[in-house]
Structure formats: C-alpha cells, structure tokens
Amino acid sequence: MTHAEDYTLAELMCVVAARSFPAKGVVMLGMGLPVLAGTLAKLMHAPGISLCTEVGAFDWTPPEGLTRAPIGIHDMLLNDGSAMVSDMVDALGTLLMGGNVDLGVLGAAQVDRMGNLNTLVLGDYRQPERRLGGTGGNTEIACLARSLLTMMPQERRRFVERVDFNTSPCYITGPGSRRQAGLQPSGPNRVVSTFGVFGFDTPDGGETGSCEMVLEAVFPNMDPDIVKLETGWNLRIADEVSELEPPTVEEIALLRRLDPHGFYLVPGRY
Amino acid sequence: MTASKLMSESEAIDRFVEDGDSVYVGYTSAAYGLCQAIVRAGKRDLEAIGGSVGPQGSYLFLSGCANLVRSGYVAAALRPGIVQDMMEDGSLKFEDYSNQAIALMLMAGALGIPFIPTRSFLGTDYLRAEYQEHPGGFLGDKKWAQMESPFDGQKFVALPALRPDVAVLHAQRADEDGNVQAWGHMGDAKWAYWAAKKVIVSVEEIVPHEVLASDPGRTVVPGFRVAAVVHMPYGAHPSGCSGYYDFDYGFQARTSTRITGSREAWQAFADEWIYGVRDRAGYIAHLREVFGQDALDGIRADAGQTPAGGVRYGYASQLRFRM
Amino acid sequence: MTASKLMSESEAIDRFVEDGDSVYVGYTSAAYGLCQAIVRAGKRDLEAIGGSVGPQGSYLFLSGCANLVRSGYVAAALRPGIVQDMMEDGSLKFEDYSNQAIALMLMAGALGIPFIPTRSFLGTDYLRAEYQEHPGGFLGDKKWAQMESPFDGQKFVALPALRPDVAVLHAQRADEDGNVQAWGHMGDAKWAYWAAKKVIVSVEEIVPHEVLASDPGRTVVPGFRVAAVVHMPYGAHPSGCSGYYDFDYGFQARTSTRITGSREAWQAFADEWIYGVRDRAGYIAHLREVFGQDALDGIRADAGQTPAGGVRYGYASQLRFRM
Amino acid sequence: MTHAEDYTLAELMCVVAARSFPAKGVVMLGMGLPVLAGTLAKLMHAPGISLCTEVGAFDWTPPEGLTRAPIGIHDMLLNDGSAMVSDMVDALGTLLMGGNVDLGVLGAAQVDRMGNLNTLVLGDYRQPERRLGGTGGNTEIACLARSLLTMMPQERRRFVERVDFNTSPCYITGPGSRRQAGLQPSGPNRVVSTFGVFGFDTPDGGETGSCEMVLEAVFPNMDPDIVKLETGWNLRIADEVSELEPPTVEEIALLRRLDPHGFYLVPGRY
C-alpha cells in the first residue's frame, strides 16, 4: 500500500469520504461527488453496501469493465448491475421514507454548525442574492435517512453559522429539535471536506449534547487552525484530532479511472 | 379496434396542448423533441412541472411559452443567467418543492386522492410561516399544509394532489393504440403517465400490439389513457434512452448548458435547433449535417444487458374441476 | 457478497415468524406452502392480513394459530361453517376492510406515512357511527377516520398505515440474496413486499443473481428487504403460479373448499395435508401418491405467452464530452 | 340470427347483461358472473371496451383459442391478451379512484330500491343472521366507477327495500345523498336480473329524481307482476315495459363454450 504523491484536495475528499462508508447497509447517493465517492467505496472499501439512487436504481454493483462512475444519479449505466430498477416513488418514498436507508450521502452549497444543508438560495429566500438549482432529493434524504455523510469543499462561505435556508435538516437548532419537528433521530453523522472530517456532539442522534459540528480528523499536513479559518463560526476541535492516512496510489488511480471525462474532478471546480 | 393514436408531433401538440395548460416535462423520460415542438407551436401561459426540470423544460420558459414552474430542481437556475433573472423579475413564477414531493403529488393526482402525506420537509425552512407568501410564487396557501395523523398524532406535511393538464414523455416503444412500454429507472414518469389529464408520448419505435401484449408487465400505461403517440427516433436527445442511445454530453456542452447564459445565446440556440428545423427528424438531420454521422454513432448504446432467463406468462388451457 | 438467505421452510418460519405476529398471507401470490409450515410450527396468536384472505390464510385460524383477521374478503366465511362460527363466538376477531383499503394501507405502510386518504367507503354503512365499536372487532377507533382535505374541503376517509410483522409470499424466482422477481397481475403483493417488517418468500426457482440483474425491471423487491428465501416448487398449490402451473380446481373441490364445513372435515384435511407431511416436498410427493403424476401434469401451464420483441438496457461505454 | 330455444334464466341474465355493455370505455369486472358476461360482451357485442380487473389486468382481449372465460378475476389467463398487467393499487387506486373507470359490473347478495348493494352480512352487522365473504373490491367500484351494471338473481330476499348493510353505495337514501356523502354522481345505472332489466329514476346521476329502481324491460314471456312478486318493495314499473329479445343460438353457444366446467352456470346455482 503505497501512498499517492500527487492528488488534489477534491480527490482527497472523495477518497476520505469513500473510506467513511459503513461496511454494509443501504446507501442513497445524492447528486454530484457522492456518486463518485459511492462508486469508489463500493469497488474498494465497502463492497457490502447497497447503492441506490432516487430515480430508481436499487443495489447497484458496478458491472465488469466499468468505464466510468455514473455521471449523475440518472446515468443509464446504473441499470446495468442493479438488482432492481423502478421509480422515484419507490426510491424516495418506499425505500427512503419507508425507513430502509441507512446512509444518505449529500453535497450542498452550504452546511452549518448543526449540520443543516442549503441547496436553494443564498441570502434571504424572498429576496435572494442568488438562486441555486434547488434541492432535488436532498431534502428528503436529510429528513429521512438514518445517518448522513456530507461532502463539502472547505470554504468560509460554505461553512456558515446558520444556513441561509435550511433545505435539508440535520440537527436544526440543536438538541431535541429534530424530535420537535417530527423527525426521527439522525446519526452518527459526518461531514468530509477538502480539509478534514467532522462529527457531531450528540450521543443519541440529536436528542442530547450540543449537536454542533466537531473537527475530528484533518487531512495530511493540515493544521486545525487553517480549518477554523475556513469555517464561519468558532469551530470546536476534538480533544484528539487525528491525521488521516493519505490516499494510496490505488485509490487515486481508481478514482481517476472512474472520472475519465473530468466530469467530477476537473481542476478548479472545487 | 380503436382509432390509431399515432400522429405527427405538430398534430399532437396542436390538438392536445392548449394555452394555459400545466405541462409535465419529464425527467428521466425527458421529451426534448416534444418540448421543442411546443416552443415551435408558440403556446402561451404554460406551467412547466417536473421533479427536476431539465433544459427541455427550460425551453418552455426561455421561449416565453411558460411563465410558471413547479419543481424540486431547475437545472437552468443553477448558474447565473436568464432563468435566475426571470425568477427575480417575476417573469417566471415558481413554486419550490422537491423531487419526492413532485413524485408523491403526481401519485396522489393519479390515485384521485386530495393530498398525500409526507414526512419530508419537517424541520426545514420551507415550512417557515414567513415564507408561505413568496413574491415569486403562485400557489399561496395551497402549497402544503402541516397536519397531525388522526391515529397517533404523528406530524406530517400534506402535499396537494397534482394533475397536470398534459404530460409529454419519451419512451422506448408503443403500439398505435397508445400502449406504452418503458424500462430502466423511471424517475417520476410512471406517476405522470397516470396523473396527467392528457398524455402525449414520443417513442423510439412503434411496434405491433402483439409485441407489447407478449410482455404486459413492461407496459407503463394502457392506450386508453394516452391521447397521442408520436414516432420520434432520438426524441430524448441530448438526453438518453436506455437501450437506444446515451446522453450526448458533447452536444450539451456545446449548446444546452450554455444557452441560459444570455438572451443572445438562447436565441442563437433556438434559431438553429428549434425554429430552424421543422420537426425532430429535421433536428436529427441538422445534427448530422453539423457534426456528421459520428454525432449519433458516438452515443450509441453499445454496452448494457439484455434479459436472460426465460420468462413465461403461462396458464393451463384445460382445467380439471373434479378428480 | 452477503450471506445467503436461502433456507428450508421450517427454518424460515422458526426464525422469522413469532407468536403474536401479524402475517400478510398473500392473495394472487398465495403462499400455501409457507402458511402450512406456519401451522405445522404451531405458532400462536397470529393475525392474518390480506386484501382477500384465501384458504391458505384460513389455515391459520382454523388451526388455532391465528385469532385475528384483517381483510376485505374471507373466502372461508362465504358459506356457513367453522369460520362463520368462529366469527360469531369471538374466537376469530375480524376487521372488515376492502381490497382497495388493504392495498392502500400496505402502500402507506411501505411509504412510511401515517395514513392514506381514500374516497372509497364514503356513503357506506361501514362508516356508521353505531358500527364503529363492533363486538367482533379489535381495532376500535383506530380503524379509519373521516376527514376533509385541507386544500379544498373534499371529504375523504383516512386509512391507517399497515405494516405487517411478516409477509409470506410465493413468487416465480429469486436469487440466494433474496432479490425476487415476479410477473403477471400482482394483487396487493407488491406493497406487502415493502410494508412488512420481515419478508419470507417461497419461489419456484432459485436462479443466479446475473439472471435477475439482466432484467432488473422485473425485480419486485431487493434482497436487502427479504429475510428468507425458500426454494419451493409448487409452493402456491392449489393456487397457481403464472408460467409454472395453474389453479388446481380439482384438488380444491376435493379438499380445500370443503374443509370449513365441519371440524372433522378440517381435521381430516389438516392431518393428511399439513401435519401428515414434513414439508412442501412431502406434500407434493403425497399429492403424487394419491392422485398420480397426472395431478401435476393436469395443471401444467401449457398455454400463454413468452416475451417477444427485444429489450435492451443499454448505454454508451465511451462518452464524448466535447465535440 | 336464430333465437335459442333452450336456456336457463342465469344464461339469459348473462346474455342480457352482455348486451347492456357500452360500445367502448373502461370496464372493471367484479367477482362472479360479471366476468362471464364481460367476456361474452367483449367477444360478441362490445369489442371496443377495455376490460380490467382489480388484481391488475388492464384492457384484456381474449386470446385466440380461448378455452374458457376467466375463472374469477384472478385467473392467470388474464395475463394473456392484456395490454398491461400490474397490481391492485394501480387497478383500484390509480385506475378506479383516479377516475378512469366508465363502468363497474357487480354482483352482490342484496340490492335495494336505491341500487345499493350488500356483500357483507345478512341481518344486523353486530349480530348478523349470517356473515358473507366480504366486499372485496365491490365497495370501491360502487363508490368510484362512473356507472354501474349490477347482475342479480331476481329473488324477494335479494331485492330488498333497504340492504341490511350498504357495502356498495348507489343512490344511498335518494336524491343528493351521493353528493352529501362526498361521492361523484353515478349513472346511468342498470340492474339486470333473471327476470328483467331495471334503470333508475334520476336524470343526473343521483342529484334529482326519486333515484328509485324502475323496471324497464322484461325477459321473454315474463309478466311485470311476477317481477313485483319477487321484489321486496312496491316496485315501480316504467310506463312502457319492453320485452327483451330472446338470446340467439350464437349467444348461448358461446356462453356455454366460455363455461366448459360449469363454474358459473351450474344448474341450480342461481
């Protein structure tokens, strides 16, 4: 196992996210990098997971001779290797709302101290500085999956004290607020950024603890103070912050083979 | 037995899309050809509906045919440009839902029930009281309702049933009676077929009824619910159609994804690829002219699987009632 | 990748059916073999659930394994006999719904929503106030609720979500991981696969995963939702299984339809066809002993159709992003 | 077209019911004789109708070489010739409740003056004289189909002033009561018995008129007074009662060919 020498932060984020997948369970992949990370995880780290998409692919195993990770959640190659294909009510209703999804993997424009995401607008909803594309299935995955893995470039404008618009609730305003809203507990949840890995201070999915994001591990050669600089609130740092194992040659090689067109990891995109 | 529902795209749009209609524009069954035909026909005051509204749906509002959109995701609003401007200046009114919401609302419409409960949206800002009247919205307080279950007090959000006036979808095949078969992941198409008051389907192939009847489990909607069938090879281009062709990312990069950047870019695209051609056959011919046959060869579905393992719908022709 | 879920019928019942469980017993996917295995295992205090509960479900209450039934139709109650007596003397409590109600309630359970609206039952005596507490019932006021839509005041009936503890179903084929494929009209089976907390499926054939994955649109439930798969040829007999065998009306006339006439008739049937055999293989062997091979030849599915017309789930192995 | 000379009243009822089908439209067949009558209608009188069943067969055309009418709504031969097969939510929910069914064809244990049906109990619901099998899909077909065709042996105990239990509403208690209950209008509706054919006195699906059953036509050689004798209320007779055309040799021959096992028309059953 040789460490790779040359990789981007986005590649590092994907590799670390892929390593964070559980060994098994039902996983719903959101749009964007989660698809790439999920494919890498299934092929290398967590062959026992069942990958699903909101348009209706259930338990996808990458077919032999795979030439790319799926481009988006709607790539037709997801029909090849899936144990079942159906539709969005079956995926986001029956599967997800029915309580069958162990892990949702999401990206967004903003994440906040309580792990909530924003995919809809920057600024005030009624007079936004900028509209975004919209939430897609992000909202329901955050509301209804048993746990969340969020992938987010580490930038101060993205890591904010409070999201401009909470499209996708994690711990909302803190302990007890999921229950008060009518949601089930969520967790253990994790955020993987381009700088490190974060957990949340709650032992029971949001009922007690402060529920705030905590830096638990950093990327190779990353100083936690730099992470704080690119975080929009006074970030809490775990007592022991571990340094993550660098990506291996194999991980980076496979990752690049999975993105032959630069759809995900084109330089400068993240 | 019934009159053929097979017709040209222009006839289908003329007869079954009316000014003011709400139009489901597809997602994984993206009806690019039919959406372009609607633009060509100059329909007005339409509403575009879809869990996610892709470029084909945006054609409707970029062209001025639609001034409303109800969706969980508007791809053309992802980056600054005309669509963001339209949402800001009020020329495009919008209601923000989610993919699950639109799919469930279509299901409720199909089922003929007044609403459907969801546990999504709980805990989000969508439900904040001060956002219920949005200057850019058009549904007012009929957008959703927070309720509690009469059985256990569980909180939920009631989403109103959605019955688009018309749905345009693209599928793999149909017969002349309008029985449609489609396969691969279906997004919210299944429920749109059943929720819409009028269904217009473009298909890669018209096949004899016997082909469909030989495997009726593959049928997604029976002909009696379909208003028009249009034979339209490459009707989903530059989106894909499982078993026929893949997404044309090259074309999208050159055209679709850039068209919302400026009015000029949109107009140039529309003049060449919508108004500049007579129909989808003309569009494909023009695609060949500009990019060569390679444009189609390059997206050919050369990988993937065909059903293995015998399937038989069988019964006994003669039965014994007494032994 | 995952541990095989293939096991014997007795192991499946021992491990996944507990005393006190509510059990979906199938309708068009009637799991006769699995129901008989439940009787043989002597489970107690079960509840039988199904849009229509056929003889296989009645085995559960005739044998004393179940004392509750929730259904729209109980075939064994159609004529005077033990089941009508049990419903009268309180040894079988029942809740009267309808086929649509049970199907929608299973769907609501599968969707994880607290209830589902229906416009059925409006105007019927089911909703009369004085019938809401029925001496033979067991749900009390949690059976349904009359409500009005928050959007337009439309009246509807709210049906509570139904999540059976376990569902037993019979299907055409599965792989060892529990991915199940079935075809032909499905009744309420589709939603039972997703509503039940534990799913036990008996199948005519175990096939390699590759066979299922070659046509994933035919899969009705993925393996991760299935607790146990039992390889059980003729598992639906004397009901049928499309493509394999038809209903055995001869056997039904001789045995099943008469068994509810008297305790003696039931006991004679059970002693011979349930307790008198070790498992479904033993049952089929006994069927051959009593009626000869002709018993099986006579129900062979010799008519019907096989899919014609090529289907391909295809995509492009190589894509071009720029032209 | 030669008239048949020898036929039973049940056969006559099936033939007359089959002739009553509309030329086209979506038809949902209930359990029992409606399946036989529907098959006869599709083959002989109304090839343009789309026959559907509640278990999930859509637009069934009897295949070449048909050896029997479907035995029950769940006969697997309904998969052969159907344009689509699916499930019960699609059939009783999407198709029926969604408003796509033009005609429901039903049988029951009792029918009353307002056309309501009973499939559940004889006597008081809480202390019945006799339980029946239950309603199956009968309730929703009556509630939700645009019009109804009911097939019912003419017996005084079956044609009652008021059903013991209204499982399947037609005009409930009279004008306006469907609307008050939250149901759409229903009609024009028809009852075919072993003696004759009945309509209902309402021009608008139950809003006005008396909504009561009216004898409109009688079977060959049947006296309307005999019909009254086998009706449990003071039956209204239309001003002009026509006599129905007797069944033809072809109709009876096909009907018998469709029931080779005597499943439907075994003597003495009706």
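Each chain gets a letter, A, B, C and D, in the order it is written, and its residues are counted from 1.
As a convention for this text, a contact is a pair of C-beta atoms (placed from the backbone, for glycine too) under 8 Å apart; a residue touches a chain by one contact, two chains touch by 3 or more.
All of these numbers come straight from a predicted model, not from anything done at the bench.
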Any chain in contact with subunit A as well as subunit B: C
B-D compared against C-D, more contacting pairs: C-D
Computed distance of Cα centres, subunit C from subunit A, in Å: 39
Subunit B and subunit C, separation of their C-alpha mean positions in angstrom: 35
Chain centre separation in whole Å, for subunit D relative to subunit C (CA means): 28
Multi-partner residues of subunit D (at least 2 other chains): 65, 67, 71, 75-77, 79-80, 82, 85-86, 89, 93, 97, 144, 261, 263
For subunit C, residues contacting two or more additional chains: 112-113, 118-119, 154, 156, 183-184, 212-213, 217, 240, 242, 246-247, 249, 301, 303-305, 313-315, 317-319, 321
Chain contact topology (line, ring, star, complete or other): other
Chains grouped in pairs wherever the two touch, ordered by label: A-B, A-C, B-C, B-D, C-D
Touch list for subunit A against partner subunit B, complex: 53-57, 63, 65, 67, 71, 74-80, 82, 85-89, 92-93, 96-97, 120, 125-128, 130-140, 143-144, 165-169, 172, 177-178, 181-183, 261, 263
Subunit C - residues contacting subunit D, complex: 27-28, 51-52, 71-75, 77-78, 80, 84, 87-88, 96, 98-100, 103-104, 107, 118-126, 131, 134-136, 154-156, 183-191, 240, 242, 246-247, 249, 301, 303-305
Subunit B partner contacts - residues on subunit C that touch it in the complex: 112-119, 142, 145, 147, 149-152, 154, 156, 158, 160, 173, 183-184, 207, 210-215, 217-218, 240, 242-247, 249-251, 253-254, 291, 295, 298-323
Subunit C to subunit A touching residues, read off their complex: 1-2, 109-113, 177, 179, 194-195, 209, 212-213, 216-217, 219-225, 313-315, 317-319, 321
Complex interface listing, subunit D residues touching subunit B: 24, 26, 47-48, 50, 58-59, 61, 65, 67-68, 71, 75-77, 79-86, 89-90, 93-94, 97-100, 144, 261-263
